[in-house]
Each structure stands twice: as C-alpha cells, then as structure tokens.
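Working notes for the structure below.
Every chain is named by a letter (A, B, C, D, E and F) in the order it is written, and numbering of its residues begins at 1.
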Amino acid sequence: MFDLAFIIEKAVLIGGIITVSLLIAMYSTWAERKVAGFMQDRLGPNRAGWGGLLQPLADGLKLFMKEEIIPNASNKTLFILGPALAMLTAMMTSAVIPWGGKIEVFGRTVDLQIADINIGILYIFGVVSMGVYGIMIGGWASNNKFSLLAALRGASQMISYELAMGLAIIALLMITGSLSLKTIVEQQSTGWWNFFLQPVGFLIFMVCAFAECNRTPFDLPEAENELNFGYHQEYSSMKLGFYLFAEYINMFISSALMATLYFGGYDIPFVNDANLGANIGINALAAIQGITLFLKVAFFIFFFMWVRWTIPRFRYDQLMNLGWKVLIPLALLNMLVTGAVILWLGH
Amino acid sequence: MNAIILSAILGVVLMFSGIMFKNGNTVRNIAIAGMLILLFANLAEMKGYHFFDINTKNLLSFTRFGLLFNSIAIGATLMYMLVSSRDIVNVGINVAEYFALIFFVLCGIAVITAFQSLLMLFLGIEIVSIPLYILTGADKRNLKSNEAALKYFLMGSFSTGIMLMGIVLVYGAKATFNIELMGADVNPGRNAWYLSGLLLLLISMAFKVSAAPFHFWTPDVYDGAPTVFTSFMATIVKAGVFIGFVRLFEGTFANSGYQWQLILAIITAATLFIGNVTAVFQQSVKRMLAYSSIAQAGFMLFALFSFNSLSREGIILYSLGYCLATVGIFAVLIRMKDYTFEGFNGLARSQPVLAATTTIFLLSLAGIPLTIGFFAKYFMLASAIKNGAHLWLVFFAILCAVVSVYYYFRVIQAMYFRDGHAAIEPTTPGFRWILVFMAALVILLGIFPNLVLQYLYF
Amino acid sequence: MPINLYIFLALALFSIGVIGVLTRRNAIIIFMCIELMLNAANLLLVAFSKLHLADKANPALNVATNGADAQLFVFFIMVVAAAEVTVGLAIIVMMYRNTHSVDVNFLNRLKN
Amino acid sequence: MNITQILFWLLTVMAIGSALMVIVSKNPVYSVLFLIATFFAISGHYILLNAQFLAIVNLIVYAGAIMVLFLFVIMLMNLNTETEPQKNKWLKFAGTIAGGCLLLVLVAALRDADTRTSTALVKEGDIGLIQNLGKTLFNEYVIPFEISSVLFLSAMVGAVVLGKKE
Amino acid sequence: MQALTNRNKAVDRKPMTLWEKMYIPSIMKGMSITLSHFFKKKPTISYPEEKRPFSPVFRGLHILNRDEEGRERCTACGLCAVACPAEAITMEAAERKPGEENLYREEKYAARYEINMLRCIFCGLCEEACPKDAVYLSETFTPANFTRETFIYKKQDLLIPDPKTEPEQYQKALGSRAKKN
Amino acid sequence: MVPVLLILIPLITGLALFAIRQENTAKTIAFLASILSLAVMLAGMSIWNDAAHLTYNEQWIGALNSRFHFDLDGMSQLLCLLTTFSFPLIIYGTWGNRYVDANRFFGLLMLSQAGLLGVFMSMDALLFYFFWELALIPLYFLCSRWGGERRIAVTFKFFVYTFLGSLFMLIAMIMLYFKAGNSFAWADFVKTAQTHASSGSSQELAIFLMLMLAFAIKMPLFPFHTWQPDTYEQTPNAGTMILSAIMAKMGVYGLLRWLVPVVPAATFQYGDNIATLAVVGMLYASFIAMQQDDLKRLVAYSSIAHIGLMILAIFVPSYSGLQGVMIQMFNHGINILGMWLVVNAIEQQFGTRKISELGGIAQKAPVLTILLVVVALANVSLPLTNAFIGEFMMFNGVLGSTASQYSVIYAVAAGLTIILGAVYTLRMIQRVFYGELNTLTMNTREVSGYVQVVLSIIVVAILVIGIYPKPLLTLTSDVSQQILNKMILK
C-alpha cells in the first residue's frame, strides 16, 4: 500500500529543498547587506566569520534571544498564525520546481523535483495567492492601525499584481502548451529559452514577482516613512524573523521560477545536456544542472538586490496605476500578439 | 444570437459613451438609438436573418417563442427608455453605466429566453441579477436604496445557491444539463435526485420571480430601489425570468408527471392571495404596485401550472401587457410628488392625458376587456381550464382578480372622482404622446391579440 | 467512493450554509454562508462528474456525458461567484458607509 | 481503510468541522479563516477526485481572491464580536431547525437504492485534467465562456458605480 | 535676479515623451550606475587593523605632561580653563606639601583637573594658553564608552605615564609631536 | 351592416365627444347620434330586414377561433329597439340636467350604448363578454363621476359585483369553449348542448352556476341584488335609467340567449331553485318597497320584483311565458324609463326624493300627474297598458308550464306581488301627487317641455302596445319557440 522507498525519497527531497531554501534565504540576508554595501561603496558585513559569512547565524541567534512580545490588545492566536502562514506559503511553492535532471541513487531513478504535477504553474499561483493571508492576518492581529494599513496595502498590491502575472504566464503557456514546469524546462533545453520568445512577458512577470515579494520598489507594506515598520511593526523575536525569512524565501522561489520559466531552468546553456549526460554520467549531469540552476537563481537574487538598491519606492497610487493601467494592458496585448503569432505560424 | 451579441456590444458602447460625452442627454439618445438597433436586430432574427453565424453547440436554441418574447422585452425596454430615460439620467452621476447595465440585463434576458442548457440559464439569470443589484443601489445616498440593494443581493444570491443545488441534483440524475435530453429517463433509481433537484429549482425560481412564500423581499426591494429602476425590474426583468422559468419546466415538469401540479397550485394560490390582499392595505402607490407585481406573478404562474399552447400564448401576452402597463404607470408615478393614493387626487383635472392613459394601464392590469390585460388573464385561465386539474385555482384566481380591482381602482377613483391637486412635475408633450401610444397599443392588442400571437406560429 | 457519501457531505455543507444564512445577522457572514452553499454544489457536481464517468464505462447505462461538462459548470460557478462577490461587497461597503453597520436587522426601515 | 478512505474522512471531517465553525464563530475574521479552511478541504476532495484543475482554481479564486476580499472588508470595517448583536434566540433556533429539516428531508429523499451502489471514480479518469477541460471549454462551452464576459463587465461597472465616491 | 553661481538650473516642466515615460532607459542608467559602484574599489579602511596616517596638526585627547623626572608640570594657574571656549576644563588648586617635591614641579599643583570630553571641541587653545607646557593634545582618539560620567576625564585619566617607571608607555603617549617641541 | 352601424355610430360618437368642449354641442351630437341609431335600427327592422344586412361575421382572433359575429334575430331586434329607442328619450328627457364636463358624460353614455347594443347582437361568446364589459365600464365612470354623495363606494360595490359575475361568466365561457371543440360561436355552444345533453354532470352544473351568477347579479336576482338600490340611488338619473331600463335586460337576455339553450340540462334540473329564489326575491322586494321613503329606492325595489317575474317565467317555461318575457323586457324598459323621468323631474325641481317631504303636486302640475299615473298604472300592469300583456302572458305561461310541479304556488306567490306592487305604487302616487301641499311643494311648476314630450311618447307607446302588441309578439315568436325547443321539458 505504501511505497516506502517513494516516501523516503520524497521526504529526503523535501527535507533537502527546505534546507536549501532556508540556507539560501539565510545567505540572502547576508548577500543583501553585502550587495547593499558594495553598491554604496562599502564592504558590508565582514566581521563574523570570513567576509562576514557567519553573520546570518549571528542575526538568527540575536532574533532567537530577543524578548518575545505579544501585544495585549492583539489577537493572540492569529498573531502567531500570521508569520507561520507566511513561512508556510513561502516554503510550499518550492514543491513543483525542478531542481535538476534525474539522478540514480541506490538503484532508483529519482527526479530532482518534489512533485511533477501537470498544473505546476497553477499550483504556484494558488500558493502565492495564499501568501496574502500571512501578511493580512499578522497585520490585523497586531491591532495596530499602521500594521493594518500596511497589511491591506500589501494584500491589495499582491492581488493586483497577481493578475498581470497570470496574464503574462498565459502568453507563455500558449507557447509551451503545458503547465508542468518539468516539461517547460525540457522544452527549453531542446529549443530556445522562453526569454527570447517572450521578452515582454518576462518583463511583466519579473515586475510582478518584485511586487509579490514586496521588494523595493514595491515594498509599500513596509514603507517605514509612512507606516513605521509596516505590517510586522508589533512583531519581535523569531516571529519577526519568520516574516523576514519568508520574504527572502519568496525571493528565492521567484528567482527560481523566473529561471525555470524563462531561462531554461536547469538547462546548461550552449550545451546539449543529453549528450553531456551520456559522457559524464547522469548523476554528474544532474549536479552540473543543479549548479547551473543555482547560478541562474543567484543571478536573479542578485538582480533583486541590485534593483532594490537602485530604484526608489513607488507612491501607492503610482503602484496601482502601474499594475492596473500599464502592466495588465501590456500583458493583454502581449497575450494577443502571442496568440496572433502562434495562429499565423500555425497556418 | 443577434440580440445577445448586440446588446453586449451596445452595453460596452454605452459604457464608453459615458467617457466621451459628459452630457446625460447625449448618452440617453445613444441608448435609445441602441435599443432601436437591438429591436431591429431581433426582429430580423425572427424573420430568419442571422447576423452572426455561430454554432451554439446546442447550448442555446432560438425558438420562435423565445425570440418573440425577446422582441417584446426589447420593445418594452424601448418604451421604458422613451418614457423614463430622463429619470434615469437624474438618478445619479453614472448615467452611462446605468444604460449600459440595462443593456446587459437585456443580454441576460436574451440568454434566458434562448437557453437550452441549465448552464446558460444559470449564467443568464446571473447576468440579469447582477446589474439589477447595482441598479437597485444606484441611489447611493439614499439609505432605502442601499438597504434594498443589500436585501435584493442577499436574497438573490441565496436563491442562486439553492438553484445551483437543484441543478446539481438534476444533473446527477440525468447526466446532462440539456433540458431537452432531460426528458429521457436514464436511471430510474435516481429519480429521487431528479425530483429533489426540481423542487430546489422550483424554490429558487419562485424566489427569482417573487412567488409566495418566497416573495417577502420584493416589496421592500421595489420600494427601496430608485423608482425608475423599480419600473424596469418589476416588469421586463420579471417577465424575462418568467420565460426562463417556463422554458425550464416545460421540458422537466411536464414530463415528470403531475405530482407537481398541486405544489404549483398552492404556490400560485398563495402568491395570488398574498399579493392581492397585501396590496389592498398599502398606502403608497409604489408599494401597491410592488405587491401587485407579486399578484401578477401569481397569474403568470398559471403558465407553469398548465403547459399547453394556450399558456405559451398567455405568458407572451401577459408579459407584454404587464410590461406596457406597469412601465406606463411607473412613468407617471415617478413624476408624482407624493407616492400615496392621496397624491393622485384630482390628477384627471390637471393632467387629463396622464390620467386617461394611467387609467387604461390600470384597467389593463385589472384585466378589463378591451385591454391586453384581459387577454393575458384570459389565456392563463383558459390554459388552466384546458388543463383540467385543480379547477379551484381558477376560481381562486378570479376572486383575487376581483380583489385586485379594488386597489387598482383606488388610483382611478383618486384621479377622477376625488378632489385635490395632484402635485406633478411638468411633462413634455413627447412624454405624453408616448404614453398615449402605449395606451393605444394596450387597447389595440386588447382587441386584436393576434397581432402579436401570429408571430408564434408564422 | 460511494456517491452517497459525497451527496451527504455536500448536503451537510449546503445545509450548514442555509442555517448560517438563517441564523446570522452580519451581512458579510450571511454572504459567506451563501458562498459555502455554492461550494457544496460545486463539490457535488465534481462528484457527479466522476460518477458519470464511471457510469460511462457501463454499457447498460446510456450516459450522455463523460462528466467534463460538470467540471466546467463548476468553473463557471466560480466565475459567477467572483463577479457576485465584487458587487456584493461593494453593496455591503456602500451600506456600511451610510449606516456604520452590516447588521441585516437594521434593514427594516423599508417596512414603514 | 485504505489511504484514499482515510483521506476522504479526514477531509470530510475538516470540511464539515470548519463549516460549522464558520457559522458558530463570533468573530467574523475567524469565520473567514474557517471558511478558507473549508475551501481547502473541498479542494482536497477535488484532488481526491482527480479534478486537479478545479482544486487549484478553487484555491486561487475562492481562497486566494474572494476570501481576501472578504477579509479586506471585514478588517476595514473593524467588525468585532460586539458589532453583531445577537439575534433573537428563538429565531436562531428556528433557523437551525429549518436548516436541519432541509438536510434531513434531502438526505431522506436521496437515500435511494441506487445511491448506495453507485460510486464516483476516485483518483482515476483524466477528465479533470486541464488539457481535457480546456479542450471542452473552448470547443463545446465557448459560448458561455464568452457570455460570462458580460457578467464580468457588469460586475466591473457595478463596482465602479457603487464604489466610486460622488 | 542675477544668479550667484552657475549651478542652479530651471525646473523642466515639459511633459515627458513616450520614450521617457517608459522609464526603462532611465532605469537601465540607474542600474548601470549602481553596478559600476559595485565593482569600484571600496574606500573603507578596516580600522583596528588598518589605520589612516594622522595629519601633523591632528588634535586628539588631552594629556597632562610630566617633566623628565616624572613631576607634574601643571601649576593650576587656570589659564587653560579661561582659554577654553567650550568651558570644558575645571580644576582645583592645592599647595605642595613638604615631601611631595618629587611629585609636583612647582609649589602649587592641580589637586583636581577635569576635562569634559563631551564639551571639548579639541581646538587646542588650552595647549596654546598653558605657560608651563603642561597640557597638550595627543594623537589619540576619544574612546567609546557607555555612560556620560566616564567622559569627564579625571586627572588620573589625563596624566601621562611616569617616564621613569614606564618609559615606553611614556614615549608612546608622548607621540611624535611632543618630540618636536 | 346594420349591426356594424349600430355599434360604430355610438362608439365613434362617444369617442369623438371627448374632444368636444361645449356642453350643448355635445348634448346635441349625442342626441342626434342616438336618433341616428334608432333610425338605423328601424331601417333594419323594415327595409333592410334580411340576413345579408342583419348579420355580420368576420374573422377576429384566429388563435382562439373567435369571430366578430353579430346577428339580429327577433329577440335581438327587440332589445336593440329598446336600447335605441330609450337613448334618445333619456337624453332628451334629462335635457335640463346640468353636468360638469358634459362632453365626457355624453361620451361615456354613448360608449355604454355601443356596449349594450353589442351585447344584444353578439353571437360569439368572447365578443359577448367584451361588450358586456364595455357596457359596464363607461357606466361605472358615469356613476362614480356624476353620482351622489356616496357615489364612489357605492358604484365601486356595483362594479365589483358585476365584475365578479362577469369573471365567472368568462370562466363558464371558456369551459364551454373547450366543450364545443374550441369554438366561441353561440351556434356551436347550442349544438354541443343539444348533442351532449347530460343532466347532472358537475361541469355543466358549474357552468350553469357561473353563468347564472353573472346574470343574476346583473338583473338582479335576490339575493344578489344588494348593490342595486344603493347604486340606483347614487347614480345620476340618466345612468339610473340606463341601468334599470336596459342593463337589467342584459341579464334577462343573457339567460335566454346564453344560459337556457346552452346548458339546458342544468337549467331543467335547477330551474326550480332559481324560480324559488325569484319568487322569494319578488316578495321580499315588494315588501321592502313598501317601506321605502326614497322614490328612487322604491322604484329600484319594484324593478327587482318585476325582473323576478321574468326570471320565474324563464325557469318555469312555456311558449306563452317566454313570449311574455320578451315583450315584458321591452315594456318594463320603457315603463321604468317613464318612472325615472318623473323621479328625475321631481328631484330636479325639489332637490329631494323623499316621499314624506312631498305632496300635492297634482294641484300644480296636472300634466305631469296624468302622464305619471298612466306610467304607474302600467307599472302595476293594469289592463290596456303594455305591462298587462306581458305579465298576463307570463302568469299564463307559469301556470300552464309543465316544467315545474310547483308552478301553481309560484303563480300565486307572484300574483301576490302584483297586488303589493299596486299597493306601493298607488300609495306613492297618493302621497306625492295628492294630499296637502307643503312648504316645499308650494311653488311647484309644471314639468319641463322635454319631459312632457318624452313622457307623452312613452305613454303613447304604453297604450299602443297595450292595445295592439301583435307586432312585437310576432317579432319574437320564432325565437321563443326555438328557445323552448332547446329546453328539456317534462
């Protein structure tokens, strides 16, 4: 009844990916500060460990050690549920992303993907749309009007940009014809990367990804000059840490998604993966593929930070205007053009 | 299909016309022109000219019955716009949107009249309902309007829920959404699903057409909504939903035996009773008309009670007569300063034309011969008599009709026989001419109903 | 799974929705209960779609559908629900602006 | 009990339990959250029935969009427990009884012989997969698909008409 | 009005062209600027490990000097306190008792000598004013501390180490500049 | 052609009158139109007296198989003659009355004439129903607008009563329609009744009861008469005249045309019950009439008694009785017209109708008195007056009828009412015209020339028919015989 090996395999994969996600998120905080420093002609953290590599651990330790404050007037259950949800939804997204080709362990061929479901993209959408709740619940439960305002802002921002994101992806789907991320990656490894077929779509997707992650220039929910500290104003200690972590995990997943959807995923550029695999063995290939993907992801994470330290924050009305009046029409246009081209080529 | 597509397009055109033209009257003229186009298109379809060649995959079927009703609905809306569009402009600032919503409602009605699949019925009803919720609440400052909108909305979506459950159970039993295929018996073991589903459908549709005992929202909503939209809601829309009701149960009830007739008879009787008796006690003409619409729904339910050619003809005539008359009365009512019966005192002296036309409309509603209202009731009663079962209902209906005379004639009495100075806003000659035209139509069709009915059979 | 389990489950949810509509006074919660009713219908539709798919294999039953239509119906229900929510919440907010309450029992001014 | 059955009962309990909590909870925010939980359970049922597309769409549309709107409104209105005065006890009681009766009647009516033997396919059948549904949608059901755009237009217009400040 | 400098520029209020409205070029420009900074050499000096060379005129913490025999030079004349624009210096004079000649160079000495480093502006006027060459400013930074009281430097904080007992430290504290004198 | 003209002349005149503002012009036009229709009617009875001119049959509502079918047979001719004869008299007789919005008043009057004529000529049930209502609605407005103090409530009661009745009639008609194989034609109704006569079928009973109700309310038959005295009292006199002189005949006509031949079995079966009601009603009305102080109410109750006798003769039928009914319809029409004219004249002059307040008028107005006495004597059916012929034939018929075993009792009871009628009529004459002059009647003037002319015409008609009734009797003999043939007799 229960395929034990299968369960173990998946458990290991899940464990691995969670670990990796957490690690990457941890080091994203380090990288963020590092990049910020470099862009501002500084060095960034460099005391804890070599090049400040132990800084995330120190930060984590600090957050753990901090006093846990739950405001009296808050709704306790929801106050705790908020960051938990944020973290949960952030982690869940990674389930459908293919991290590499197949590997052979103990005589089993294992896909480096937790679940290759054929509605992968929709799944991601579903989970991302759940992400709003973490913010909203946390913000509301704090019983602080700034938190609430920030939470509502965040929610409306995320919902608004989800639309454009979806429309951008629809255009992509017209080309791929599949919602499975694995299939999409495989298509790209034999053909063109989708970025070259869908540059506008990618642009839209990327902008929306920024907004979904509440990253600058879309970090309205945390706009400290207007809302003090945003929706997690009342949070402290590890609950705050969860929120911050969730943001970085989101960033990581978004990067992975962008890489997967538009930049060939684990496809090694300029190389025929299959031939390479025949030469160096399937496990080595998977390793290289994994590294390729992580390089791409790293680039996008860097890009996230790069943008953060370049572009100033939007005003709220500008944000909404961009979402509804620019991105959505653009995405629709993109969709129409894509459809027309496909129709034209099809005949 | 002409009407569906064109009404949707015209709705969009009107939406944008609001951006282009700030002047409400321009928008109004566009709307009236659009309505003419729509009417023309639908008449063309009746003559066999299809502007759009679309395979509906058996989801819609454009029968003569549906198309004829559609023409009636569009025509009545045209009349409605001609007499009341000025008042629509006065409701609020979103003039273009109101007109657009009316076009969308017509689109929904066109879908309802042509539906072949329960899916289309569901969509059609929703397309009709949602704009109506909005129109009900269009007078945003007015608390009554707000409440009416909320009430209407909650009741409407509640009944939608019930309807869906009904559809689901019916689907479970018959494995199809197509009302034609539903006649075939698939699996006798699932008959209970089918019957339960039909029952839920019946309840929900009764909600939508405000049949007793599911009518309680109607007076409040009709009273609270801006009067000009009440006029639209209570007439054209209600009749449209009725057509859907009839079409739905034609294929299902009629085949599932006569165990329904008793239920329907009770619903009909209750509707007639409550509508008429409560209307008697109203002090406001608007509320009286709301209750009278319930009472009229009771008569329209006869079309469901007995499925035969007479009932089809009857519901067509009933819709037409009811729409024309009620739209006319409301058009006058909107201009009254005082909505109570006393407000009408002495109207005949100051506004003889309005009083005369209103009288004709009221006589039509009461079902007095020489008006279309008579033939409407005639066909309904005749269909029930032909059907033969539950004749007591016919007598009950007659008694109720007599009761209805009481409150309709109260208005006439106020206008003609009582002294007073009915306060009324000034009217234009054009308005009066249209009213006269409508009254003439009521009488003409009251003498020659064939002018309409022949289209069912040509 | 036996279809009657699904039927009972859906009916239970449906009835809970109905009870909610009848007993609560907060317009938003009433509205949510209506959504619950819609979802009960959706669930049952999907179950029926798979029932008909199972029946399709049985030549003794002449089933007209493979069940895909039911799932599409669910899709349309969701579509409609979304539209309804837009309008409904707009109405509730409008109401709230004027009365600072969403209590349906306040909706009795029309009675007089 | 195999794993499907376990999952079925688990989800059923979750669905009914949270649905009950929706109508029992005093705090509207809790109601919303429990409703979301119900939707999750229903989505789980969809997955069990191999209707993946609907499962996800249910989550995206209902849990992800509709319920967010509800939460939005409730939070903005700051509706607390005290905001909802209690309904008359008897009315409540009557409402509950009425709903219960509805359930009873329907259940009693639907306990057909055929009902007990018929089964719905679980975890099999690919009609719920997106490519099959998509093909049906854009072949057989393209007209309702297009017509529903009218619905959305009017909803949009409605939101503008009702929401815009005059 | 005649502009004083040529740096001011009139605000350009003409509407943006479509190209400008797309923002992408400007975003690119901004991104390239930040990226170029990313690769620029960082001017940071890792302080405790690396130090910047002081300028010859650097004025650091005060020091109360001693003479070659290790006696305090200060006679508590108060000229430094008078000269101090920030009024950071206070002192209390005392008479030298017999037997203390090895401690104080003159008959009078400062029993208490305090400089409030929070007020001090390190202008060096006290150094200029001192006739006995007793106070001067070294090359040491003001170290960080936790409380305000600790920034009021007492005499023992200011006194240079005894050249006889701790000659190395004395030399170090004396710094390079003192040698020039 | 004649039927069409008969309907169109008053109809068009009526509609046109709404546009004419001057009172006298309107009145004159109405009068001329009514004269014109009388002329057409007379022409129809003499020079155009053939089927081509007297029938009109055209397609109307195809879906219902209903036709514009008018036919002027003997009975119709008689009643149309009554109508067209009465209207000029009514208009001329009330020439002195002043009305607000006179044009509308006369317009409605003409419209109701159109309706009445239509009722008497229709051979199609739906058409019959139409005209039935068309006759009612204008009268309702007439009464409500120009009536007395309590006019609104009273006329509304009247309207609701008759409307209820007519709705029941509609149902009966629809049932008959299906029974006759989707046809509204009178001929088809009768044919079906003759071929499928089945006494005791519940449907036939239902039809009978519903039709009976409609006609009973209209005539009115006890106990459906409660609207009548009030309405007669409150309506303007011209309206009262139409109501009692012509409209009451609609009910009788309806019985003869649409009830008796159409549901003969039920008529036969339940004839006794109706006859009993009629007799009770006659007695009741006569007793009440004796108590009345108001002239109008007195005449109203006497009318109930007279109509009761006609009903009795119909439900206890024989050839002689039916002929009596026919001629009595005409006679009662003009007699009561005369009565009303006198009442109107009195009311116009004294502003009151109370018998107790009047007295001694004969001293001052001998012409009026003479004319009235003749009319009143006709009303109590003295020999040599027209009513004597009718009542005698009816009594004769009832006594000679084989249809009921109680015919003798009926005849005796009905005979009693004749005596009672004589009592109250003569007492009224005595009180009002003779006796002492009082302050009110001191200055009595002779009645106006209009009334004198009209009353003279009526008196002449009374005497002529009383002496030489044969033309009228031959006119209806065929019809009476036909009706009798279609009834089931023992």
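FYI, a contact is a pair of C-beta atoms (placed from the backbone, for glycine too) under 8 Å apart; a residue touches a chain by one contact, two chains touch by 3 or more.
Source: prediction; values computed, not measured.
In terms of the stated touch criterion, the partners common to chain C and chain F are B, listed by label. With centres taken as mean C-alpha coordinates, the chain found closest to the middle of all protein C-alpha atoms is B. In this assembly, F is the chain whose CA centroid lies farthest from the centroid of chain E. A count of C-beta contacts for the chain pairs A-E and A-D puts A-D on top.
Inter-chain centre distance (chain B to chain C, centres taken as mean C-alpha positions): 26 Å.
Centre-to-centre separation of chain C and chain D, using mean CA positions: 6 Å. With centres defined as mean CA coordinates, chain D is found 31 Å away from chain B. Chain B has its Cα centroid 53 Å from the Cα centroid of chain A.
Contact of a single residue of chain B with at least two other chains is seen at positions 119, 123, 126, 130, 133-134, 137, 140-141, 149, 169, 187. Residue numbers of chain C whose C-beta contacts span two or more other chains: 3, 7, 14, 17, 31, 48, 51, 55, 69, 72, 76, 80, 83-84, 87, 91-92, 94. Shown for chain F are the residues in touch with two or more other chains, of which there are none. Touching chain pairs in this entry, ordered by label, are A-D, A-E, B-C, B-D, B-F, C-D.
Partner chain C is touched in their complex by these residues of chain B: 119, 122-123, 126, 130, 133-134, 137, 140-141, 143-144, 146-151, 153-154, 157-158, 160-162, 164-165, 167-169, 171-172, 175-178, 181, 186-187, 219-220, 223-224. Across the interface of their complex, chain C is touched by residues 4-5, 8, 12, 15-16, 19-20, 22-23, 28, 31-32, 35, 38-39, 42, 45-46, 48-51, 53-54, 57-58, 61-62, 65-66, 69-70, 73-74, 76-77, 79, 83-87, 91-92, 94-96, 98-100, 102-103, 106-107, 110-111, 115-122, 125, 127-128, 132-133, 136-137, 140-141, 144, 148, 151-152, 154-156, 158-159, 162-163 of chain D. Chain A contributes residues 35, 37-43, 46, 306-307, 309-311 to its touches with chain E in the complex. By the touch criterion given at the top, residues 1-2, 75, 78, 117-119, 122-123, 125-126, 128-130, 132-133, 136-137, 140, 148, 151-152, 155-156, 159, 162, 179 of chain A touch chain D in their complex. Only residues 1-9, 11-20, 22-26, 28-29, 31-33, 35-36, 39, 42-43, 46-51, 53-55, 66-69, 71-72, 74-76, 78-87, 89-94, 96, 101-103, 105 of chain C touch chain D when the two sit together in their complex.
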